[in-house]
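Shown next, in C-alpha cells, is the structure this report addresses.
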C-alpha cells in the first residue's frame, strides 16, 4: 500500500494521498516535497516505484529481498538506505529487527517496509510540527526518520543493561543454572544490535567527510547529530559487550571457587566419617584378647572416642577454613 | 577442454564453439565479446591461451598451480582473478571450495577451472537472458559470474547458522560428547569460508575507489553491488564466528556447572552412605556391655536409625539444593 | 544559576556577576572575555543561553539531556564539548562521573553542569593567577578547565593501581571469595573511566592536526599538552586493564592449582583411611579358623599393622608430594 | 668466502670468479651485472665490501650482527634486505631459520650469509636458465632469490598443517599427555615463522605502491608476484594459528568433558560399592534378635540382596547415562 | 648538578665544564655544539635552563614531574623527548625504568635525569671517539644516546626469554606452585617494557616520514637505524608476550590434564579398596549358616579373594590407562 504526502514549500500546505501517477511529473518542480510510504509492498508497487522515480533495478532488487545489511548507497540522483528498527517484543522479550528501506532524492523520500515501523509515524508527526524550522525538505524528513530509529536503540540498551546488572547479582548471589542461558541470550541480542548499527557508523562518517556535503549546510548539522547518536549507540553496545564478557569471566571464577568449596567439603566429610568408621571397625574385630571389649564402660568409651575424633577433626578443618 | 562463445555486439548474435585459433585476430575488433571457458586444462590449453591472449607467464603460472589465494591482479591489458565457489557436498556435508581463475580483458573473458563450476552455467544462461540490459560486454559477464559465486555463499551460511542453533540447543539440553567435535568442524568450515571471501573485500574496495573506474559507469554500479554482497557475506561469517565462540564459552560454563552438580551429588551420596554405614559399624562392635544389643527391638531400632539418619541428611541436602 | 565573569583584556580587570542580558551585545567587543558558569540549569537558563549566545538548538538539546558521550563538536562560531570529571566518592569508593558541557566561542566560554565540578573552581582560580601569561582569552580558560579535569584522573588511577596490587597479593596469598567481586568492580570502574576519556583522544588528535589551527599558536602548545595528558591517562587505563586481566588469569591458574591440591589431599586421605579400615574389616571376619584372632598379642599386632600401614602410605604420599 | 659472478648483458656471457678488486670500477659500466655471494664472512670480507661497493657503515653493521628483523631498507644507491630461509631440520624437526642479507644495487647484488642457503643455489641456476626472459639485471636475481625463499615456506606450512590434523585427531581420539607439548611446539614454530615473514608484507606493500616504481615495469610485475606469495604465506600462517587455538580450545572442552565422565564414574562406583557395603555392615551387627541371621537361607538372601542392589543401582545409573 | 661540554666544530676541541651562564650567548654561534647533562636537578637548575635555553614552561613542567610517557614533542626551536632506560636490578631482578628527558636544539642537547643513566656515559664516550664521522652535531649525540638506551633493551629481553624457557620446562616437568607467580611477574615486566618503548615507535615513524626531514640527510639514516632497533625491540616484546600467554594456556591444559590423572587415580583407589572391603564386610556378617566360615581354609580363601579381586581390578585399570 502506497501513501503519498506532498508538501508545497511555498504555501507550506500538505496534500495527503497525493495521486502516485502524477509524481513523475510533479517531482520535477522543486517547490514540491514528496514522501511516499510503501508498506507491505507488492510486485505492482515496485513496478510503480521504478517507473515514477526511475530507480535503478539493483536498488529495487535490494528492496525486494529482505535481510540486507544496513547501508547507504549512492545511485544516480538518489540515495538508497537500509536501516533496522529494533524492539524487544512479545512476552519473552524477543529482539525484533524491522527493516526499513529509504530512497532519498533531492526533493522526495520513499520509504519501503513490510512490517509497521514506529519511526515512520514519529517522523510524519514531527515533519508537520517542525514546519517553521529552517529547512523542511526531503533531507529533513530523512533526518527525523533516522533519528527516531537510532534514538529508539537507547532505551532498549538501558533495558539490556539493567538485565545485565541482575545477571551479575545472580552470579555473585544465588546462582541458577538458567543464568548462563540468559547471559548467552543477551549476548546474542547485543550481537544482532551491533550488526544492525555499526555499519551505519562508517557510512555516515564517509558521508559527512565528503568535500561537497550532500545536504545543505543547515541540514548537515542535523546529520552530524544523527552520526553522534549512532556512535553513542555503538559505543554503548561495545561497553555492554565488554561488561558481559567480564560477567562471563567472573562466572567462571566464581564457579571455580564454588567447585573448590564443594571439593573441600567432600574431603572434610570423607575424612571425618572414614576416621570414625575406622574406630567402629577396630572394635568390630574378633580378637579374643581385646581388653576394652570387656570393660564395663568400653562401649561408652568407644562411642565417646567416635564423637571426640569426629568433633576434633571437624574443629580442625573449621580452623583451616575447609568447612 | 576449451569452449568459446563469441557475441557480436552489433547484431547481438552468439557464435557457439568459436574457433580458438581465430581469437588473437578477432579480439582486436571491439564489436566482438568472447568468453572462453577452459575446464580441466591441459598444458596444451595453457600454451594456447598464452599465445592467443598474450597472457603474462606469471598469471599462467598461477593458473596452473592450484590453491592460490582469492585475489584480483592487474596485468598489462587484463585482470587476473582467483575466486572460490563454495558448496557443502557429499553425505557428510564436507565443505568443498572449487577454484575459478578469471582473465578479464576489455572485450574478452577467460575462465579456467579444473572442477565443474555451477556459477559458470548460471552466468552463461543469464548473459543471454540479459542481452537487453545496458551493457553486455566482458565486464557484465564477469559481474554475473562473480555475483553467482558470491550469492551462493549465503544459503550455505544459512545452513551453518541453523546447524549452530542446533548445537546451541544441544549444549543447554542433552549434551553429547560429539557436540564439541561438531562445533569444531563448523568452526573450521567458517575459517575456510572466511579465508576464501575476505581477501576479495579489500581488493574490490581498492578497485572501486580508483580515481578512474575500470569499468564503464553503468557496469560500475553492478560491481558496487557485488562488493556489497561480499561485505554482507564477510559480515555474516564474522557474526557466525562470534556466535560460535559464544557457544564455546557457554559450553565451558555449562560444563563447569554440570561438574559442580556431579561433585555435589558425589558429596551428598558419600555423606549419606558413610553416615549410615557408621551406624551399622557401631552395632557391629564386639563390646560385652552394649545394652542395645540385647533389646528386643534393638535391630529394628538400628534399622530405623539408619533410615532416619539417611533420610534426614537427604532432606537437609535437598533443602540446601545439593541434591 | 548563572554566574558570569567578564575580563577586560586591555585593563585586565575582572567584573564578577556581569549582567547576563548585556552579553549578547558586549560579546561582540573583542576586548572582553566572558565566562558564564551555569550550575543546575533550569529551562529558563537554557532559553537565556540560546538567546544571548545564539546557540544551535541541537547543542542546547545535548546539554539538556544528560549522559552524552565525551565529544567535541563544531558549530557555527563555537565549539560544544562534553567532558566527565571523575572521582571515587562515598564510603564505598563508588566511581562518580560528573558531566560538564562547555561552549567555547572566540571570546566566551559557557560551562553547564548539574552537579558541582571541582575543575571549574580550579580553572577560575588559575585564570586570575595566570593573567601575566601570554594569552588569557577563552581558549586559555578552556585549557585550564580541561587540564584540571584530565589531571584529576591520574591520582584516581593511582588509587586503582594500588588496589590492584592488593588484589594480586590476595590472590597469591590468603584468598577470600570476595576478591573476585572486588576485581570485577575495579574492572567495571576502569571500563567507565576508559569510556569517558578515550573518545577525547581521537577528537583532540583531529583538532590538533587541522591545517588551520583553531587556536593561536601560543594556545596551541597548551592544547598539545592536554592531548598528551589524555593519551597518558588512556595508556595508563589500558595498562591497568591488561594487568587486571593478567590478575584474572593468574587467579584461574592459582585456583586450578588449589583444586589440584585439594583433590590430591582427598585422594591421599581416602587411600590411607580406606586401607587401614580394610585391615580392621579383615579381622572383623567371622571365620572359625583365623589363627591371629587367638594370638595373645593379636590385637596389638592388628593395631600396629593399622598404624604401620597408615604411616607407610602417609610417608609414601609425602615423598611423592601429594600431601 | 666471496664468490663473484659477472654477466655481460650485451654478450650474455657469464664470468665466474670475477676478481673482486675490479668491481668498484667495472660496476660503473651498466652493461655488467654482478652477483657477489659472501658465505661465512670474515671481518676482512666486510672491509672489502664496504670499499668496493661503498656501503654505508650502518648496513655493514647490521650484516655483521646476526638476528636482525626481516626488513628492506633504502640507502643511497642501494637496498639492504634481511630475509630468513626456513627449514624443518634434524631428527626432531627443529625449525631452522637461516639469515640472508642482500645488498641490491642498480646492477649488482651482494648476498651475505653465515650458513649455506638453498635459495642462493636455486636462484643461481635459474638466473642462467632464464637468460632469455625480458630482464636479467640485478632486480631479476633478487626476485629469483626472494621468490625461492618465500616459496620454501609453503611446503613447510603443509607439513605443520598435517601435523596439526594429527594432533586434532589425537585430541578427539586417544589422547596422550605429550599432545599438549606437541601443540605448544607447533605454536612456537608458527610464531617464529610469522615473525620472519610478516614484516616483509608491509615493507613490500610500501615498496610496490611508490609513485616511482623502483624497478623497471617488467620486473615490477615479478615483485608483485613475490608480494602475493608473501601474503599467501602470511595468510596461511594466520589460518594455522587460528586453527591451533581452536584445537587448544577443543582440547580444553574435551578435557572438561572427560573430567565430567571420570567424576560421574567415581560417583557411580562409590554409590554402588557403598550401598552394598552397607548391607554387609547391617548383617554384621551383633544384635541378639536379628531374625534373618537365623534363617537357613539368610546368607544367600544377603548375598542376593547385595547383588540385586548393586545391579539395580548399576542399571539405574546406566539409564541416566552416568556409566 | 649541571655538567656542560662544548665542542668547537671547526677546531674539534672539547671544553669540559663550560660555564652555564655563557650558554645563552655562545649557543647562537653555530660552530659550537653544547651538551648540558643535568643530574638530580634542583628548582634552581630548572630556572637556569629556562633562562639560558629559553625553554617553554610546559616542557620544563614535564621535566619536573616524573613518570611522563615516552614521547617526542616539538616546541619552537627544539624537541623535547622522554625516554626510559631499562635494567634488571637488585638481587630479586626487579625491573628498573629510569627516566631521561632530552631537549634537542639545532646545536645543543640538554639531558635531565634524577638517577644515573648508563647511556649518558656511553654516548659521552662515543661522541669523542666518533669525531671523525661525518656529522658531530647535536643530532648525532641524540642518536648515540637514544641508540644506547634502545640497544640496552635487547640483552634484557634475552634474559627474560631464557627465564621463560625455564618456566616452560617447569610447566611440562616438575611443576611448583610458585611458577605461576613467576610467570605473572615476567608478564608484568614485559607490560612495563612495552609501555616504555612502543609509544616511541609511532613518534619516530611520524618524525622520519615528514616531508622536510628534521635532521641532515646524513644524520637521518642514523635515526632510521634507531627506529629499526625500536621496532625490533617492540616486536621481540610482542613475541615474548605471545609466547607467555601460550605458556599460560599450556599451563591450564597441563593442569587440567593433571587433575584428570588425580581424579582417575582417586577413582581407581576407591574402586579397589571399596571392593575388597566389601569382601571383608561380607565375611563379617553374623549369619548362622555361612558354610565358608567353617571351612578350614576359609580365612585363607577370603584373604586370597581380597588379593585376587584387588589385583584384578588393579590390572584392569592399568589396562584402560586409569592407573
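Chains here go by letter, A, B, C, D and E, matching the order in which they are written, and residues are numbered from 1 within each.
The rule is short, and it goes like this: a contact is a pair of C-beta atoms (placed from the backbone, for glycine too) under 8 Å apart; a residue touches a chain by one contact, two chains touch by 3 or more.
This one's a predicted model, so the numbers in the text were calculated from it and none came from an experiment.
Fewest steps needed to get from subunit B to subunit E, stepping only to touching chains, is 2. Shared contact partners of subunit B and subunit D are absent. Looking at subunit D and subunit E, no chain is in contact with each of them. With rounding to the nearest 5, the Cα superposition of subunit C on subunit D corresponds to a rotation angle of 145 degrees.
Where subunit A touches subunit C, under half of the residue numbers in use are shared by the two copies, so each contributes mostly different positions. Work out the mean CA point of subunit B and of subunit C, and you get 40 Å between them. Separation between the centroids of subunit C and subunit E, computed from CA atoms only, is 25 Å.
Counting partner chains per residue, subunit C has residues 252, 256, 259, 263, 266, 270, 274, 277, 281, 284-286, 290 touching two or more of them. Read around the ring of contacts, with subunit B first and subunit D next, the chains fall in the order B, D, E, C, A. Subunit B meets subunit D in the complex at residues 56, 58, 68-69, 71, 73, 75, 177, 180-181, 183-184, 187-188, 191, 195, 199, 248, 251-252, 255-256, 258-259, 262-263, 265-266, 269-270, 273-274, 276-277, 280-281, 283-286, 290, 292-299, 302-303, 306. By the touch criterion stated above, subunit D contacts subunit B in their complex at residues 168, 172, 221-222, 224-225, 228, 231-232, 235, 239, 242-243, 246-247, 249-250, 252-254, 256-257, 259-260, 263-264, 266-267, 270-271, 274-275, 277-278, 281-282, 284-290.
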